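One structure is given below, represented as structure tokens, and several questions about it will come after.
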Amino acid sequence: MTLKTHEKKRIEIMIEAAALHRIIEVLDRFGVTGYTVLPALAGRGMSGDWQRDDAFGDTARIVSVVCITDPSKEEDVLLATKDIVERYIGIVSVCDVKVLRSEHF
Amino acid sequence: MTLKTHEKKRIEIMIEAAALHRIIEVLDRFGVTGYTVLPALAGRGMSGDWQRDDAFGDTARIVSVVCITDPSKEEDVLLATKDIVERYIGIVSVCDVKVLRSEHF
Amino acid sequence: MTLKTHEKKRIEIMIEAAALHRIIEVLDRFGVTGYTVLPALAGRGMSGDWQRDDAFGDTARIVSVVCITDPSKEEDVLLATKDIVERYIGIVSVCDVKVLRSEHF
Amino acid sequence: MLEIAQQNLISPMVLFFALGLFASFVRSDLSIPEAIAKTMALYLMMAIGFKGGVELSGSGLSATLFAVLIAGAVLSALLPVIGFGLLRATSGLSRVDAAAVAAHYGSISIVTFVAATQALATAGLEYDGYMIAVAAVMESPAIMMALLLAKRANEASPTDGQGTHIGREIFFNSSVLMLTGAFLIGYITGKPGLETIAPFIVDPFRGVLCLFLLDMGLIAARGLRSGLGKLSMPVLLYGLYMPLVGAGAGAGAAMLIGLSAGSAALLITLSASASYIAVPAALRLALPEATPSIYLTLSLGITFPFNLAIGIPLYIWLAEVLT
Amino acid sequence: MLEIAQQNLISPMVLFFALGLFASFVRSDLSIPEAIAKTMALYLMMAIGFKGGVELSGSGLSATLFAVLIAGAVLSALLPVIGFGLLRATSGLSRVDAAAVAAHYGSISIVTFVAATQALATAGLEYDGYMIAVAAVMESPAIMMALLLAKRANEASPTDGQGTHIGREIFFNSSVLMLTGAFLIGYITGKPGLETIAPFIVDPFRGVLCLFLLDMGLIAARGLRSGLGKLSMPVLLYGLYMPLVGAGAGAGAAMLIGLSAGSAALLITLSASASYIAVPAALRLALPEATPSIYLTLSLGITFPFNLAIGIPLYIWLAEVLT
Amino acid sequence: MLEIAQQNLISPMVLFFALGLFASFVRSDLSIPEAIAKTMALYLMMAIGFKGGVELSGSGLSATLFAVLIAGAVLSALLPVIGFGLLRATSGLSRVDAAAVAAHYGSISIVTFVAATQALATAGLEYDGYMIAVAAVMESPAIMMALLLAKRANEASPTDGQGTHIGREIFFNSSVLMLTGAFLIGYITGKPGLETIAPFIVDPFRGVLCLFLLDMGLIAARGLRSGLGKLSMPVLLYGLYMPLVGAGAGAGAAMLIGLSAGSAALLITLSASASYIAVPAALRLALPEATPSIYLTLSLGITFPFNLAIGIPLYIWLAEVLT
């Protein structure tokens, strides 16, 4: 491929909505420039299963935070979010992605 | 990176909502510990295009099932979901991810 | 793994809803067979932050377009979407995925 | 008859449906959020069910009631057989697709039913409350019959442990449950119950129906745009003549039982109408091999507008002539 | 008392709740979209708040008003202490879980409150508008008290800069804000204000409540299905006797202050009811170590249906006997 | 004038807007789901459009009607030119941003319009039904004019095959379509049509407006919080004086045509109001180089609250004085 691309990390954090602001505080703290929050409908994990239309308020609702960031920030972000997903309900995973406009991330 | 991470697989299944319970039965059957279902708004594929606000009931609505699981379960899950997405409407793909808490998946 | 899989690219485009049809025109133009549009709830980027329930119309709402396609189409699609995300608001990233039914993509 | 037809065509209901069609054809971004559309559908069923139950609690049970319930179940089960035969004879549809389409026409469209009750009110005709129970009864038998019809082609496949899921989808789907549940609650609480919630389920009913039909117009037009090209002429015609076949059967049953004009018009409408909510959902699960674009385009794009604009006045007129 | 109980059990409200339970137990796909459920909850608080404010603007401020506001705050803060003690003594719940559960029973369920006002209307009893202010006042103290109770076990952990977030969640959560805000607006605009929006907040109120309770039934049943097995018998029993403990305390306070029968019934109901919206949301943030399935199953699955079906008539009867 | 202003400030509408502002400033989690907000906006346009059409069907077409429709279109096209000139002269905004902001003030805010009709009702003034058609007519010309104004700066870029999309967005956007469509349906079905759906579109109208304005308050406050700092003083002031410029122009046109006080007040309000739904959506597509935070903060954060609290009583007073 002749197009110049840059290696970044795509961090995906599934977290209960009530603790979303804590994740965002972490992303802020480490100077992550962008993120997107996607809603979820239902799910299952160690703490049981849930369904959006059957739950009340934020108690059990999960959202997915997608954050594409520079590999240099990966470790910091992972460590800090790990603390949160351990205390609240959630999981974190990372995969490799390529982007075109490196300066944007 | 000094942080200890573990290799897992992120299986993403786009499936019509009517057949979601079949996918979940498969995940259950193979002891997959967790998954998250995300809603979709619109899409296109071999069977034509669809839009959430223009459709009725579950007929043509697609949801995305994200499941992070151990590589050892990848093949079983893929084979079983393939049967379903072939009979109903949907697609499956897999990518490599890293996680911190291996025991959680 | 004994199962025959095929290497594809998963292109993920976060784009403001108002410009979604432009992205889809690009996907059409290059013969991409399928895509799925996921809604987002909130986010932050170079152009500031936004929240779905606090915004009006399509102005600032972001959607995520996921498109699994053949590596041969990657470059064309990336170049064309780059133009759009630069003019409108959005980002693009690509990761490697595997699928079972190659002919479906 | 022309007068009813004219009144019907310039009713706010039909005009809002037309607005929806128009908006979709000019590709406006007008759309009703899915959550709202779903809730309006539940609301319409809650309201119509409750009112039916209250009516019945006033009039009490009767032999006619049981006769018409049985007639409804039989119509729902038999119309798919007729429709299946017609489709197999005239169109090139596969066994599975023909069975799926036929199921829709055996079952009913609650929105068409509701529109007919409104047209009856405009025409000054009364109907019996139990007709709503008939609507509920007619939802499901058609689905089972279609599964039987499709089975011969499809011996080996489905169910594999899916039986309970499909059974639930057929008998406890949200339409049937809301309609029957609200009907029973209306029956139990009667007039006093109705009075407490009338400002919610009676007064704004027609207005909500207008908004709902706007959405139906949007969806029907989209169905037409994308699906019409894929239907062969015999299939397309089926969407126009099958309602009349159903209407004929319903009219016969109504005469046999000796229903009043209003109730007869509703039984005819139910027989003539085609499902586009409950049946597609159930079939998608039970008969995934059938092609949704065929049955949806037909029932929602062709038959629903036909019934709304032309069918309903015709059925009312028929009922008045025959009773 | 039996008459009130019977009227209550066959009210559309309770029957729609039962329909929701039933639908969930037969695993129907019936569901109310989250956006609608949330809006209905806001609507109920807007309506009840506004009406309360209007009432108060008619009757004016009084010593009784302040007495009952204070009583409400005290009950909300003290009931968790009692509940905490009972739970620690009888069940094996951890300090944190016991505090979390106790918080729910100190706080209030606005839907139970609303259902009680409807039952009062049916029973022909009047209540004072300021009782809605009491409801608002009782929402939050229980949460703070529970945090104190849990603290001892949990010295090191929470808050770390979360204080403001949690404070907002406790005092400016959407329930409290909508209730208090609408109350103030009702108080300011008075009867003339009410007239302009009565067709929205007064007339359809009961109907909306029915639809809302249908959803509550669906959710409560799901909670029961998934959570019941995880509760030990003493915890389960707490969900049944704690409302009665609360009712007793509320009744005592009502007698001390000398409330009218209607207002007393509402104070008793508030004390007896358990939160399942505001408190879970606040605790999830402030006390994530507590197990949601315990407190949600208990307050929504056990106590809410108990109050709706049996508690409310009992509390009205109690109020009538005592005043 | 002071009396109208005072009545306006303590109307439930304005107070619920203030509640929304407050909730956002204390960072409460109060929010109205997007699906509901969107549906309420459609509802308001459906209701106001329908009632306007019914009014017109009663009064019939007249020369004044055409005069005011033309006046509306001219105002909508010319005000952006004036606004653009003012912005370019006083603020440092780029050509594109200035054109985008100007477009918003040429177009109209239907919610401001609706609030004005409510204030007229309170003040006991009548207005002509066709004013709603004027509102619909004024939505779009401003957008086209702004595109022309921006063009000179931006010769090379946009459209490239986007013409039809943008055209649709300008003429068939959901606001225009719902307003015009409901207007026509109201015109066709007239009073009898209105009677059938009045309990949906007339009676609860003000209550829905209150809930909608609560949401507007939440959104406006958020806009202010995040966008205010980015606006220079001249731009900020534009949000306060441009409504008055528009009001002046509208008042002139109203006097020329010889409108009644009520209708004049509405024409003035339309000219003074700034769009924050249709125009942002269209411009985002047609002029993506313009900065949304500038025009949104200005029209929704500054001008909308200004009109709601101060402008409307002022415009009514102006109309009464001038006619």
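Labels A, B, C, D, E and F are assigned to the chains in the order they are written; within every chain, residues are numbered from 1.
We adopt the following convention: a contact is a pair of C-beta atoms (placed from the backbone, for glycine too) under 8 Å apart; a residue touches a chain by one contact, two chains touch by 3 or more.
Quick caveat: nothing in here was measured; it's all calculated off a predicted structure.
Residues touching across the subunit E and subunit F pair largely diverge in numbering: under half of the numbers involved belong to both copies.
The chain with its C-alpha centre at the largest distance from the centre of subunit C is E.
Rotation relating subunit A to subunit B, from a C-alpha superposition: 120°, rounded in steps of 5. Between the Cα centres of subunit A and subunit C there is a gap of 18 Å.
If you average the CA atoms of subunit B and of subunit F, the two centres end up 45 Å from each other. Here the CA centre of subunit D is 41 Å from the CA centre of subunit E. In subunit A, the positions touching at least two other chains are 38-39, 95-96. In subunit E, the residues that reach two or more other chains under the touch definition are 31-36, 199, 203-204, 281.
Pairwise chain contacts present here: A-B, A-C, A-E, B-C, B-D, C-F, D-E, D-F, E-F [touch as defined].
Subunit B makes touch with subunit A in their complex at residues 1-3, 5, 8, 10, 33-39, 63, 66, 68, 95-101, 104-105. The touching residues of subunit A, counted against subunit E in their complex, run 16, 18-19, 21-22, 48-49, 51-60, 87-89. Here subunit D touches subunit B in the complex through residues 31-34, 37, 162, 165, 218-219, 222, 226, 276-278, 280-281, 284-285, 288-289, 292-293, 296, 300, going by the rule given at the top. Remark: subunit F residues 33-36, 38-39, 42-43, 46, 50, 168-169, 172-174, 177-178, 181-182, 184-185, 188-189, 193, 196-201, 203-204, 281 touch subunit D in the complex. Subunit B contributes residues 12, 14, 38-46, 62, 64, 74-75, 78-79, 82, 86, 91-96 to its touches with subunit C in the complex.
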